[in-house]
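Both of the next two complexes hold subunit A, though its partner changes from subunit B to subunit C.
Now for the complex of A and B:
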């Protein structure tokens, strides 16, 4: 039974990936402009070349023919992909897309992943506490704070952190917070490197947590309030079960169900990074790389990153299905009794 | 369970606190001279960042034209105020007496960072690879030959040209030894009679692009390796062998990574001494409040209102002239980017700073400056058969109103603001203009395809020559300069003007042909008068680069009236020359 479910899910996942890959392949190429045209415009503007000169020069910079029929490009791409080759970057000829992903993905996983874990944990704990003591000063203050935090865009927080805490209050030097790691430390499993990595991730993580924790708090609070009104909670109380057991085994577990799906989707999107935050803090993540690839119409890099994001979302959704079944015994995998 | 959650919470807080409390890192001093010059540019990170000067992702991509000369010198630097080249890598240069070739001589004292001399072989090698990659110089020259150890000849295909001279003198010369195999292959291929259509040619071009030199060998006073490229900044280190190693006053050039949003806090915090980014007016004010000087230099271009001439009534000269009259360009410039734009004065198709140099005084006197005047615009509209209808909108005798969609690139703040203001002013006069912001790539494509009624893109250019300034947008965005099937603004370039048949395309090209400056000026005067009268586009304003320069960090910045500030941003930026020649120095 489990095997057939796993097989079904795997096939579904692969089909989804193929569909997403094909869809993004076509959509990317339907975007206005192509890598060569973008560079032609840049050469004309920056070097005052004529269109013909710029076209000639741009053609010399790319191993890419925008005139090649779409179906041929697609066949080439899929053929390479099936052989485990994501191709080479168009805008940086000779640079394998796999190397780009290897370079940037860990930073995004670390920063956005840490941010998500912290944000989710804080949100669940505070949301539950607020629901439990609903109507209290604690609840009212935190509800207002959560709404406020959720309502402020993350890039405003990022800029405020840099301009107020960094520039005006001089709480830190820019050199210590911009980028993924300090320039003078040697990469490896040594304390200075790890400290530098954590130090440089601090502001992106704080910004991410600030921008998302409000949503988790409010969702958890409303879910917990709804769970607290359920009959089985009353029954549990009537049976004289300890408060702690009711809170963890009855309330917490059931209230978290709606958050699990959301968490799974969020985990999927962790690999996409947080584009604006990465831009502002010069954090070398995949989100920033994707935005740059879109700007330069680097088709192969975009496709590679979209494939990784799609794979993560598909995988995390499968994980969510499995987790849901574990958390709620009423849910049977595949709808079977 | 609860205990674990507590632990997680504590760990999260500790993570944040650890990050905030880490001590500041100090910059270690490099070799003499001391001092760090800090600029900013959005360079790439490895693996996209590499040291191949000929490929995207190499020096041209990562150092921009502002910083590249510090590593790889071109032959010369151009001074706009005096219209002359001053030497960098080159010692002398000129046209052959019979005009058949151009020659350059490398300074015999020039050395690479590895101590070897810079020679004619490096120049020829650079162009050998450039030929395979289709460099624009080969539109003018067909052969590059070594004359002696330091002198190189560039043979013209047709007639000599000042535009070709600039392309030659501004090209960055690359160390041939670092590309020896590729140069040998390229020379062999060229000698075999192969053409760019051959597969072998494309294969070699691919090989050149994918080549990754292990080290950079520099002719400029600074050098770097990929280890010097960090997430937040990259560092160029002083090296002792360059022609300019003794004159520069900085041991390091630190280039902070980022666009405007990342550079702003760096300038305010005093990390960055100078930046070339486009800062909004509010940020410029904040810089001034922080005691940071703002230096203004031309950008070389500005936003122009483009008419698509297939669309009625924009194909009527009087309507275009009226449009120019009803847009208050001072207001438009201010709203475009505060101090960062100045209203166009001469309306000649030539940047105002180039007008006194290239246009004869009698031509300047004849130019209509299209000062804001709605009454004169009304007269023009009536003379073309238009009247205001009951709604106050201008309409022709058949009731067709002057209506259009004005398409603009939504991401370009300055062009977007210029468009919205121009449309507002046109509507105030009684036109019916609706605006639509689109992605810039879409806007560029639509302009090239002629798929617009009104739009905006640049006019003029960062070249000192009239041929290159008139070219934008009359040739650049018109059927004569675009790919086959694209019509752009579709302004007819052959027409009768003042009782004379003119070919504006040929006339613009003639302003850059040959070496007779006086003849070029005369032709530029004629072209300016035609553009001024026909008003095929409205040059709304001219952009100015407002660049923060922190004099607490770097001394020696030119005074506001220093002629070098007539140089526009880009490859003639004053920073290049003033840093190399030691005018800029660390502040005391």
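Now for the complex of A and C:
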């Protein structure tokens, strides 16, 4: 039972990845423009070259031929991919895509990951408290605040943070918060470095928490309210169980079930990061890298990053499945006894 | 039944629900006594306050409920008298389930779906200082055998792995874990099929006779009430309008509403047209009608019924009724029931 399930999940995951890879491959190449044209345009702009001169100069910069038939490019790409090679970046010539991902992924994992943990924890605790004291001032104020926060797009929050807190109120200076880490600290396990990393991650994390905590709060609140109305909560009270036991094993656990799937799917999107947020804060994560790759039509880098994102989503969906089975015996696969 | 074996005594109990339009009188000045080993059945339409009454007995009322007056006294096995309404939170927690347990209707949702049956027994045992897990387990398996369940399998199962009838019996076993003196059954047979109903009633009667607890019993099924109950109380609009021994109530009803309920039971012997439903619907409990609350629907009502509230008076030592026209009701009852 278990082995056939693992097999099914693995095959499904691989099929999904193949489909996503193929789809993004085609879509990326069907975008208007290509890497060579982007550079040609830049050369015309910057060096006032004629189109013909620019084209010749640009062609020398790439070992990439946009004229090659799509199907050949695809076969080439898939062949390399199957051997574990994601190719080399087109715009930063010579850099393997895998190296780029290795370099930028940790930043995104750190910032969006801690944002997700903070947001989820806050949301679950506040949502549960609000459900317990529903109708109170605490509940009403937070519900309104959560809806408001949930309704504002995160890039607006990011811009407001920079403009209001940074430029107008001067709560921090720009070089202290933009980028991934300060210029004058040495990478490694030393206090100034870690402090600088946290300081620079603060704004993206705040933005991320601000933009998502409302959703967690509202979902957890409504989930808790419906759990509180269940007969088994009443029965647990009638059985004279201590409040704390009811709160954890009867209310909390059941109310969190619907959130688990959402959490796992959010984990999938952690890897993709928040493209616009990272761009605004110049945060050196995978999201900003993706935005830059799109700008220069760096096909291989885009493909590489999309592949990482897709893998993360596929993997986290499997995780959601397993986690849900652990928490809710009703959907457990197969039966373990 | 002697006067000194009263387990639970309810005096003048009222429960209001606070609503936008004002207080809703769900239970209005109810008094009754429950004796050791007695089974009391509460009958009446949906919304007549039966469930509210039993919830009040365990102080499980929702937060918008108020108890403006009344007393609930409970006598423990060693003779201590407890004032249920004045108990502290901690004492109340200890009182619940160990003295007075409840088997809820709708066994489907009464068990936490994500934990095993055994954990619900362990939780309950631990909350009441029942000692080791082994002690809880032993007692649970013994109870499962009493309610005719496969002990080992059910003990380790999740609720969704059990059928509705099995879950209902698990709840009954869970209710008896701490050997309570009073077990409240809120429609224990509504959610299950007719054969399972039979099993559950047989099981209940057998363990009641073996363990000797008292039962307060809510059922829409008068046949079940007739079979199980020693005493029957008819509730209408939050009041007990008639209470008496089961045979008295079923063969010599003195209240128009009791008679109406009896006439509404289909019987295999009776012709279809003899089935009579009670016209109208229950009154608004926020602004109840003056006089007897049943007078608008009562075929025996006279002018006085709409002015004066009939008090609950003795028909004989054990049978009491709140009706001015009880003589005419019993005359009619003799005709229809004997026929």
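Criterion: the second predicted complex is superposed on the first by the 333 of 337 C-alpha atoms of A that agree within 3 Å, B and C clash if a C-alpha of one lies under 4 Å from a C-alpha of the other, contacts with A are read in each partner's own complex, and residues count from 1 in each chain.
Following the convention adopted for this analysis, contacts are C-beta pairs under 8 Å (C-beta built on N, C-alpha and C of every residue); 3 or more make two chains touch, one makes a residue touch a chain.
None of the values given here were measured: they were computed from a predicted structure.
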### Task
Would you mind checking whether subunit B and subunit C clash or fit side by side on subunit A after the superposition?
fit
### Message
Under the stated touch criterion, which partner chain does A:8 make contact with: subunit B (first), subunit C (second), both, or neither?
### Response
neither
### Query
Does the superposition put A:234 against subunit B (first), subunit C (second), both, or neither?
second
### Query
Between the C-alpha centres of subunit B and subunit C, what angle is opened at the C-alpha centre of subunit A, expressed to the nearest 10°?
150
### Minimum distance between Cα atoms of subunit B and subunit C in the superposition (Å)
17
#### Entry: For the subunit C and subunit A complex, residues of the former touching the latter
58, 60, 92-98, 101-102, 104, 106, 109-116, 119-120, 123-124, 127-128, 156, 158, 160, 171, 174
## Note on the structure
Per the touch rule above, subunit B residues touching subunit A in the complex are 1-2, 5, 8-9, 12, 15-16, 18-20, 22-25, 28, 44-48, 50, 55-57, 65, 132-136, 139, 205-206, 209-212, 230-233, 235, 256-259, 261-262, 264-266, 268-269, 271, 300-301, 439, 441-442, 444-445, 458, 461-463, 468, 471-472, 475-476, 481-483, 570-571
## Note on the structure
Interface with subunit C, subunit A side, in the complex: residues 230-232, 234-242, 245, 249-250, 253-254, 257, 327-330, 337
### Query
How about subunit A: which of its residues touch subunit B in the complex?
31-33, 37-39, 41, 44-57, 59-63, 89, 91-96, 99-100, 103, 114, 117-118, 121-122, 124-125, 155, 159, 162-163, 166-167, 170-184, 195-196, 198-203, 205-206, 209, 244, 248, 252, 279-284, 297
